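Chain lettering (A, B, C and D) follows the sequence in which the chains are written, and residue indices restart at 1 in each chain.
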Amino acid sequence: MLLVDWLYVGIFVIVGAIMAALPLGIVWVLSPRLALPQKRMTYESGVVPFGQAWAQFNVRYYLFGLIFVIFDVEVIYLYPWAIVFRQLGKFAFVEMLIFLVILMIGLAYAWRKGALEWA
Amino acid sequence: MPVGLTHYLVVSVLLFCLGLYAMLTRRNAVAILMGIELMLNAANINLVAFNKFVAPAALSGQVFALVVITLAACEAGVGLALVMAAYRNLETIHVDEINVMKW
Amino acid sequence: MEVNWPIEIARAVGLAVTVFTFLAVVAAMLGVLLERKIGGWIQSRLGPKHVGRQGLLQTVADTIKLLQKEHITPQAADAVIFNSAPLIVAVAGLLDWIVIPFGVVHIGGTAIPLVVRDLNIGVLFFAAMASLTVVGILAGGFASNNKYSLLGGLRSASQMISYELPLATALIAVAMQAGTLSTVGIVKAQDGWFGSFAFSQFPAFVIFLIAATAEVNRVPFDLPEAESELVAGYFSEYTGMRFALFQLGEYAEMFAMAALATTLFLGGWKGPVLPGLVWFLIKMYAVVFFLMWTRWTFPRLRLDQLLNLSWKVLLPAGLIWILLTGFAITFLAK
Amino acid sequence: MGEQAAFIILSIITLASAVVVVNSNNVVRAALALVPTFLGVTGLYIMLQAEFVAGIQVLIYAGAITVLILFVIMLTEGGTGLRIRQRNEQAPLGLLTAAALAAILISVLTRTEWPKSTATLPQYTASAIGNTFLTNSVLAFEVSSLVLLISLMGAIIIARREK
């Protein structure tokens, strides 16, 4: 039964959130509270914090994110293929070969263009 | 009243119009892209709902939902690349300030 | 089939509480203790020794201590996101366990696997839940509004997304040989000692172990947390029990990876003489021991080395291995 | 009973967090609110018995696209954008357009008689989808790999700094 399966998942989410929040509640009751302004300061190894946390970051984070999204999408085609290609024989294998070769060209292109280099 | 096709369609219309609203009124290009993602999600709800209630045996609705997810990922990738390029060259990502092509 | 909804709901709640307690006690508390004891043993020192016999109660004492700590929300932080980030990580760690089969019981001749739910898309479900952790970590890093946290969160996210793909290729290679995505089905497809996929899928096994280590941010892939340079990365600003929840999520994830390695590659609950549950735990702890052993043995990688390993070695290797497996099954199998 | 309750809860999660996405002045919050929106839609897919699409939805939307969006917010604005005006001058007009479209579509949809089918979905949707992709929809399958390749190339060219 499909919906029963997912009922379990839903209940796990709810119960998990409650049980994870429970210790936070206990802390709220037990813990001392002494509001000192120094306590709520941003931690910067003991130095008085300066400037914004939002520094400019490297564009490479985006490039890796992009390549990840593209290949993650490729993976969604691999999952259904993986469980049925046995029944469909040679044809299915060749189809996936074409699919993967096209994507490997993409990986090779990114590699060649230096999108996979961090330095 | 059991949950039927119309219920899902109404939810998807509301989601679509929220996305449209974000697209029409936001200044931040990334927020516009978020609106587009909402609209694509609404379209996907439609596809899957029609698949279940109108033609369950064919599964083409779900297959096309997967294709739409693929296109959404590509759109996000290229769209955000454009945002990055605009930010690099014009130092803004607010679409009403990007007007170098305006006559 | 008629479903008795109240009974199912009660069972689900009971199982959720059980699994969560299991994670908190066996994975997080015992895991931390094991980590410290094994670390001490490898480095020729004693490890925790004073609380309880041989320091056995050390983490219990730590938990009690953490329960009394004040919660500090930094002034600059975004309080709503700051507070929900640890919950996301902990719940994602819990959800992984839904599809892990612990063993099998025989009731009146029929074998019932001890699994919360044997979902049709089991392996995919696991991958999806593991990918949710990234969002929690990024949210924590963003909300803290602290330079260390932000940099740690970004690094952590870019590392986790880099290693998600090799992990997925390993999962797919196994699913191909088993012909199913269900975890119980995959265990059933492995027969005897040499039928376990650790042999026939050896490259996938290696890729999985490396990617899993990186996915749970452990040494040698612990750059995002790097105590010595980023003061614990994305959870620098978290105090008391919120910090413990991040820790719980991390250990739950690590044990889940070990349990998945057991399920996919080591034959799950299968084994002679002893009951299935015992075999499962033995194998899982063996993998956990392996992960701890690497942690205390290897130095930390540099960021560029880490990304190179994933994108230029593991991902191409995984894709080629998928094609080879497909070729072998399509053309060489009888 | 249970079905209606689940549907209402999921719809409320989806739409409420979509409102945050659309309305929040804090861009980071808007991006993070995408996650519950996508998870709510996932729940709707599960109610429609599309479990494979649901898994993919979590994997791609919640786990990948959101992360990419967060990265870009990090790399460009350099802040939550709280002190910057987030809406353009046509906000009232946009609201009117969206509301009008919603009203028209809903009134049309609720009046239409949709064809009903009594057939049932296949038990194991993942393998059925695989079969469809490799037989009837093979063109979509191969073309999507080309689309992926081209968008990868295009995005790399656009995003990289010219040397």
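Criterion: contacts are C-beta pairs under 8 Å (C-beta built on N, C-alpha and C of every residue); 3 or more make two chains touch, one makes a residue touch a chain.
No experiment lies behind these values; they were computed from the predicted model shown.
Looking at A-B and A-D, the interface holding more C-beta pairs in contact is that of A-D.
Averaging Cα coordinates per chain and for the whole protein, the chain whose average falls nearest the overall one is A.
Averaging Cα coordinates per chain places chain A and chain B 20 Å apart. Centre-to-centre spacing of chain A and chain D amounts to 17 Å, using the average Cα coordinate of each chain. For the pair chain B and chain C, the distance between C-alpha centroids works out to 33 Å.
Distance between chain centres (mean CA atoms), chain A to chain C: 14 Å. Among the residues of chain B, those in touch with two or more other chains are 66, 69-70, 73-74, 76-77, 80-81, 84, 88. Within chain D, contacts with two or more other chains are made by residues 47, 49, 51-52, 56, 59-60, 63-65, 67-68, 71-72, 74-75, 125-126, 129, 133, 144, 148, 151-152, 155-156, 159, 161. Along chain C, residues 119-121, 124, 150, 154, 161, 164, 181 each make contact with two or more other chains. Pairs of chains meeting the touch criterion: A-B, A-C, A-D, B-D, C-D. Against chain A, the residues of chain C that register as touching in their complex are 1, 3, 8-9, 12-13, 15-17, 19-20, 67-76, 83, 86-87, 90-91, 94-95, 98, 116-121, 123-124, 144-150, 154, 158, 161-162, 164-165, 168-169, 172, 175-176, 179-181, 231, 236-237, 240-242, 244-245, 248, 303-304, 307-308, 311-312, 315-316, 319, 322-323, 326-327, 329-331.
Chain D makes touch with chain C in their complex at residues 2, 26, 28-29, 32, 35, 51-52, 55-56, 58-59, 62-64, 66-67, 70-71, 74, 80, 124-126.
Within the complex, the chain A residues that touch chain D are 2-3, 6, 10, 52, 54-59, 61-63, 65-70, 72-77, 79-85, 88, 91-92, 95, 98-99, 102-103, 105-106, 109-110, 113, 115.
Across the complex, chain C meets chain D through its residues 5, 78, 80-81, 119-121, 124-125, 127-129, 131-132, 134-135, 138-139, 142, 150, 154, 157, 161, 164, 181.
Residues of chain D touching chain B in their complex: 3-4, 7, 11, 14-15, 18-19, 21-22, 27, 30-31, 34, 37-38, 41, 44-45, 47-50, 52-53, 56-57, 60-61, 64-65, 68-69, 72-73, 75-77, 81, 84-88, 90-91, 93-95, 97-99, 101-102, 105-106, 109-110, 114-117, 119-122, 125, 128-129, 132-133, 136-137, 140, 144, 147-148, 151-152, 154-156, 158-159, 161.
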